[in-house]
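Here subunit A shows up in two complexes: once beside subunit B, once beside subunit C.
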Partner chain A sequence: MFRERFSYDPLVLPFLLGLIFIVTYLALGAIRMIKNLPAEDKIRLGKSFFSKQILLSIREIFNECLLHLRIFKKNPVLGYMHMSIALGWFMMIVLAHVEVKLYAPSRFNLPYYPIFFRYFVRETQETLDGAVFFFLMDFFLLMVLSGVGIAMYKRFNSKATGLRRTTRLKWNDRIALYALWSIFPLRLLAESFTSGISGGSFLTRGFGMVFETFVSNDLHVRPTWWAYSLALGTFFFTLPFSRFMHIPTEMLLILFRNAGIKHRTTGTGIAQTEIYSCSRCGICIDACQMVSAARLENKATVYFIRELREGGRHNAWDMASACLMCRRCVEACPVKIESTLIRSALRQDWKMLRREPLSFLPVNHTGPARVIYFAGCMSHLTPGIEQSMVRIFEKTGTDFTFMDREGGICCGRPMMLAGETRAARELIDRNKKIILHSGADTLVTSCPICYRVFAEEYQLPLKVQHHSQFILQMMEQGKISPEFREGTRVVYHDPCELGRNSGIYEEPRKVIAAMARIEPVAEEREMGLCCGGHVGSISLTHHQRRRIAVQACNILLAPSPDAIVTACPLCKKTLMDATAEVPVVDIAQMVDNPELLRKHPNPVLQ
Partner chain B sequence: MAVQFGYSINKSNTIDMDTAPRAMESYLLLHEPSFARCIGCGCCTATCSSGVFTQLNLRQIQLRIRRGETQGLLPEIQKCMLCGKCQMVCPRGVSTRNVVLSIQRALQLLS
Partner chain C sequence: MATDGQKKVVVIGGGIAGMEAAAQLARMGYDTTIVEKQARTGGNVANWDHLFPEGRLAGEVVQQLYQKLSPVRIITGSSVKKADMLEGQYILTLADGSVLTTDALVVSTGFRTFDAHRKEEYGYGIYDRVITSADLEGMLNEHQPLFPGRHKGPRRVAFIHCVGSRDEKVGNRYCSKACCAMAVKQASKVKELYPDAEVYCFYMDLRMFDRRYEQMYLDAQAKSGVNFIRGRLSEASEDLQGRLVIKAEDTLMSKPLKMTVDMLVLMVGMEPASGARSVAEMLKIPVGHDGFFNATNELLEANCSGTPGVFLAGTCTGPKTIPETIADARAAATAADAYLRKKS
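Let's look at the complex of A and B:
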């Protein structure tokens, strides 16, 4: 009676229990994550549901969670692998429900019925005439199976899918992974056995006919459907404790992000959502120069985020303190997890001692002038840059004042990167007073690290320019016109803070292009290399940094240029120390003295 | 009678290395092993951005830690702005920024 009324069979139990478990878990998880948002962000999220942002979110969820377009752009094979499994499985579920709605509408409300439709249809001896559904179901099953095939192959040979390294998985991920892999071959097997009675298409029918040749009775039908149900159940029960949590969480993350929710200093809210959205695909491992050059594989972002989710915070802190904060991993990440912000938040969590106010730092006013120039601490180490800038200011007749000629207060970013936000604020306030007092309308700086903090944190009512932007402006106004040097070939090294992190790629290139031919480099612009000198890292050793610098030099020197041109005093100093082959020149020096581009005769190499 | 060179980084005093507190030094050697490579050349102090405005002297701090004279270190070390110049000039490759941060952490743990 019960069996007939509900089309119940014990074999649906593993699936059904798993489904109930996962739906409850995800609902509670989503509520908890939304609850953890600050009040302001909750309002923002609420508002976004009633604006056109929600449409954008839906489109993005479709593009990223089903089609995986970003991974496609990185690597087509990897993209296809993700797309085939996600889209194929999704379409199978949708089609199964459509099928039930059409052929057994009374059963539509049973959550398990569409999944086991083929099995039940066989039992009730109903016949189906939807040949097109058989074809479509087989088509999408084949699609998923091809994706699973690639996934299995990738585990053994990651290079085939363009990954030099793939993530080392823990046991919880392995169980979920093997459960996921087994779902689809088992589905094929189960459907093939039932295809003779309940129907099938090119795939299941074909397999069914092959099986019929050597197994004649249908005693094996139930065990295969049981196995299918168990695989589904296992996957659902292990999902919350594995990497596959990224599937549901990424949707929530997209909603949060499109609602305009930003990272805050505490690292809760969106950061927590990001941690769960990490699919542990391992694309960031190859992007990380700490891994490729300094051989610190366990410091890669994927392991850092896993440590935050599963391990102790102490280990995670160790990992966070090594990172150079170059953001190459964020650029590579298909989910766009802002891992450097999570690292920053963690560094802040490490409670420092009560700090005395930095009252001993003087506020030395300067000016008045139209342009205020801040060389930055690192430019004082490479004084050629600031001397060149002073000459350029004089040559162009700019009314300028040199804010830190006799040494100045640090911009505050190194302090910030070390997690000392409050002390950084104090430095910022002091510098801000000096800048505003000068009455300037433009702040020019030679250091991209300073540039970024001036632009993002100072909230200055004046124009902030990196010197490459200022020089380009002067060239466009015809105040300086450097000569093009025929036959000189240079490469440009994108400083992380100027390029990837501030989006300034074109200005320096335009300046250089007026003077010499720029050779393309294997990794540039968004994937520009880190020189290894960045103050973002706290615990990286000198030797590890040097390995990164040497790696960057090797890639930059591949087109055998006459000089490496960069736009950052820190990059200049670090790269200079790592190569003796060619001169490393800052853009300001190059404009001031083009002779520096000449390849210096190296007695050792000749 | 001691020879007067006319300069010194510490006042003359006597330290009993058997009883001097070495906890800070051990902490640093454990958490920033490059501290052991310091030869006290003073490049860090010569280039120091804070040194322009204050008496911050990393070379002296290093010496004091080695001798166990860690009292009154906190206000000194907190003059550092962490700009990282000292690390760039260090001929021995000492991670000076982490030394400064580790000293602060050690002071927190040892207090």
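Let's look at the complex of A and C:
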């Protein structure tokens, strides 16, 4: 039923050399990245191989590297595209190996043999096994081809796949991409030409028969198999220098993450692994408001990461300093590359601020009280919020002290974001002393930027609350019960630092829902918009920030609400400057003075 | 009033620019109508007290202008809702549905003062003792007490320049031009009313461009004893006694500064009038980023809008002081006259 024709032909060489090259390259690369891990992380990684984490990793590798479930969730068409190519190709390779194992076990040790099996053997599909294999091979080939078809279409018409923008590619990516695209049509051609001799199924046999009607000799069989091998070889040789490095690297990244390895500074293995795991799919381009609103196309994360990978540190710095650190791109990224952490780390490397001793800062103790309130610098710029909070504390009979009433010390987070970790530590230490001295059991802050650093960096032995959480708690205890305003419709703007970056989505919504109807917004919760005011950016101009703010306002105002409610002084201030149509109020102000929700069109826009 | 063949002009906005332009056009023999959206003419100036540089009374200035308006038809409490061009004439539909035809238009919609609520860090609308320059003018004009219910006068008053002007953050990059001189005038006035009070002006730089302004400034320093500090206010808050604590940087001394005051006066800048945008859309007048109208040539045709027969006068093309506004209004009348003559 099956007869071997040859076991070697020079046409396997491009493939074989490519394979040897890529395997060596990847092995060395993996060793290098693991070597770059700090010692404790190496131990973590080692341990993870012998625990159930490895099973988790295997499952995740299967889900993400083959099925691409996360991309699927973001964008089904893109998801199918990735899945059909990855899974289809993988299955073709597996099937080919099974075939060889079954029918030519003596050749199993020739690495090229399964790939060129159809070229080497003459098989018929008369046997049941044969028919099944032929069918499956054709089925998966068709699957891959459909994915490649979408990929080609997407390249020329990105909107069709639901992406507004697609990544601009450099030549290295293009060569690899075209090589990858050509592998499968060439395989189809090659197999179709040999299908008369070696057999085939619905696809290859069908094509084969069509070809037979106008090409009568088999002179083109060898050239097409050559071309197939060359395409494979080219792909392997260009892979390390192209975005397709993400395929092998993502597996390593999954192993690292599941071992619990965290970011430190650049140059450590995890950051590098993340950089190589970027598939340049470009989903982050659409997520980035610097691109969509401020038209800074080249600042998108995909280009930032490419710049880092290709050694353009200077440009990378430029990109790192512009970013607002809102983390929308991370939320959108199917690989979950923590690009803002990579940026912070880069900022730390640069040390651009002048470092002056902070010893002049006073440590003014307050208290004692049960609750210590820290309004934050941003709230000082929106004193309406502070005033409302003081009234809420008084109304609820809370025993509180106002830590920075007369101006306090910065929480440290802006310094942290700028990469000035040491200066930030100094501020943190000073504030911590005041907080602990007050004897309070709860720290309430009005600013989500401060909230995050209090919660993540201060390691306080007390409860840290954003004021939306505190207000909700007071409502639940019946200490304040604002009235529901029939007919008032508002939208809620999720502050980046409170929502996406601290996971507080529900508390503010519950507070608002007790007072007015909340209209859904096109982009909210995890994909909540950045207002453009974030202290995370070091270099965006005011004009660029404003464009982002205007974009956010336009989306927030789509349901024509009576007011925009938010829970961050900075968001409030930024949005307020960008819209004159409706009032922008903080949740604390709304609870304190519901009249603020009354829509008052600002005459400027009339 | 209208005689056969007499050409007609409509002036939109009856501030001092509109009044002066209308008076001039009527004098030239045109059938002139002012459409003013408020109940009275005079615009912003009608709210002011003593005017710089010489301290003339605003009410008197407006009255003098008004006296020249006897041949002019004045429609108050209305505005133009629609404008159609037909055979070289404009057909205007007013808010009440009535219709006016006209051969030319002078647009003099003026300005509105910057809404100080938008600079929330200065506490306007939050703390009682934060007021704007426009509020102060109104209080002085109506002889209201500045510190109701208090026997003693204020210990310290601060004036803050450039509120809503020269401020990227609120989207206004331009200088409002009149407020430096106004601050000097108001600060001297407060000092005159409360000689024991310390009065401070916080400025970015003092724009004393007119021949008489520098003298006003020197007098304020030397005679009235007003203190000038170069620095921008960062924020204001209230202390436990209800006085205001302001923070700024003295940029000449390079030192941060904190001061407790009894009253804070914000020198609010000028922004395009409310409704200016719809007027611009209706009459196809080009509008700059800042919302003020753009003339076809800001050097030589500062009153031409680019739309045939539509001319611009006064602060609708950018901040101006009163003499500048008056000169501009006359220029607009001359430009309209040239257009109407050519047309016939």
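Quick note on the criterion: the second predicted complex is superposed on the first by the 575 of 606 C-alpha atoms of A that agree within 3 Å, B and C clash if a C-alpha of one lies under 4 Å from a C-alpha of the other, contacts with A are read in each partner's own complex, and residues count from 1 in each chain.
Following the convention adopted for this analysis, a residue touches a chain if its C-beta (ideal position, glycine included) is under 8 Å from a C-beta of that chain, and two chains touch if they have at least 3 such contacts.
Please read all numbers here as calculations on a predicted model, not as lab measurements.
Chemist: Which partner chains sit in contact with A:495 here, subunit B, subunit C, both or neither? Use first/second/both/neither.
Modeler: Neither partner.
Chemist: Per the contact definition in the header, classify A:387: touching subunit B only (first), subunit C only (second), both, or neither.
Modeler: Once the two structures are laid over each other on A, A:387 reaches subunit C alone.
Chemist: In the superposed arrangement, which partner chain does A:448 touch: subunit B (first), subunit C (second), both, or neither?
Modeler: A:448 contacts neither subunit B nor subunit C.
Chemist: Quick one: is A:542 in contact with subunit B, with subunit C, with both, or with neither? Answer first, second, both or neither.
Modeler: A:542 contacts both subunit B and subunit C.
Chemist: Who does A:147 touch here: subunit B (first), subunit C (second), both, or neither?
Modeler: A:147 contacts neither subunit B nor subunit C.
Chemist: Is subunit A touched at more residues by subunit B or by subunit C?
Modeler: Counted on subunit A, the partner with more touching residues turns out to be B.
Chemist: Which partner does A:532 contact after superposing on A: first (subunit B), second (subunit C), both, neither?
Modeler: neither
Chemist: Who does A:114 touch here: subunit B (first), subunit C (second), both, or neither?
Modeler: A:114: touches no partner chain.
Chemist: Return first, second, both or neither, reflecting whether A:427 touches subunit B, subunit C, both chains, or no partner chain.
Modeler: In the superposition, A:427 contacts subunit B only.
Chemist: Is A:79 contacted by the first partner subunit B, the second partner subunit C, both or neither?
Modeler: Neither partner.
Chemist: Need the overlap of the two footprints on subunit A, from subunit B and from subunit C, as residue ranges.
Modeler: 380-381, 406-407, 542-543, 546, 573
Chemist: Quick check on the complex: what are the subunit A residues that touch subunit B?
Modeler: Residues of subunit A touching subunit B: 321, 350-353, 355-356, 358, 360-362, 377-378, 380-381, 406-410, 414-415, 418, 420, 427, 533, 535, 538-543, 546, 570, 573-574.
Chemist: For subunit A, which residues are in contact with subunit C within the complex?
Modeler: That would be residues 380-384, 386-387, 405-407, 542-543, 546, 573, 576-577, 602-606 of subunit A.
Chemist: Using the touch definition from the top, list the residues of subunit C that touch subunit A in their complex.
Modeler: Within the complex, subunit C touches subunit A at residues 112, 115, 118, 120-121, 123, 126-127, 168-171, 235-239, 245, 247, 258, 271-272, 274-275, 277-278, 291.
Chemist: What does subunit B use to touch subunit A in their complex?
Modeler: Residues of subunit B touching subunit A: 32, 34, 47, 49, 52-54, 74-75, 78-79, 81-85, 88-90, 93-95, 97-98, 101, 104-105, 107-108, 111.
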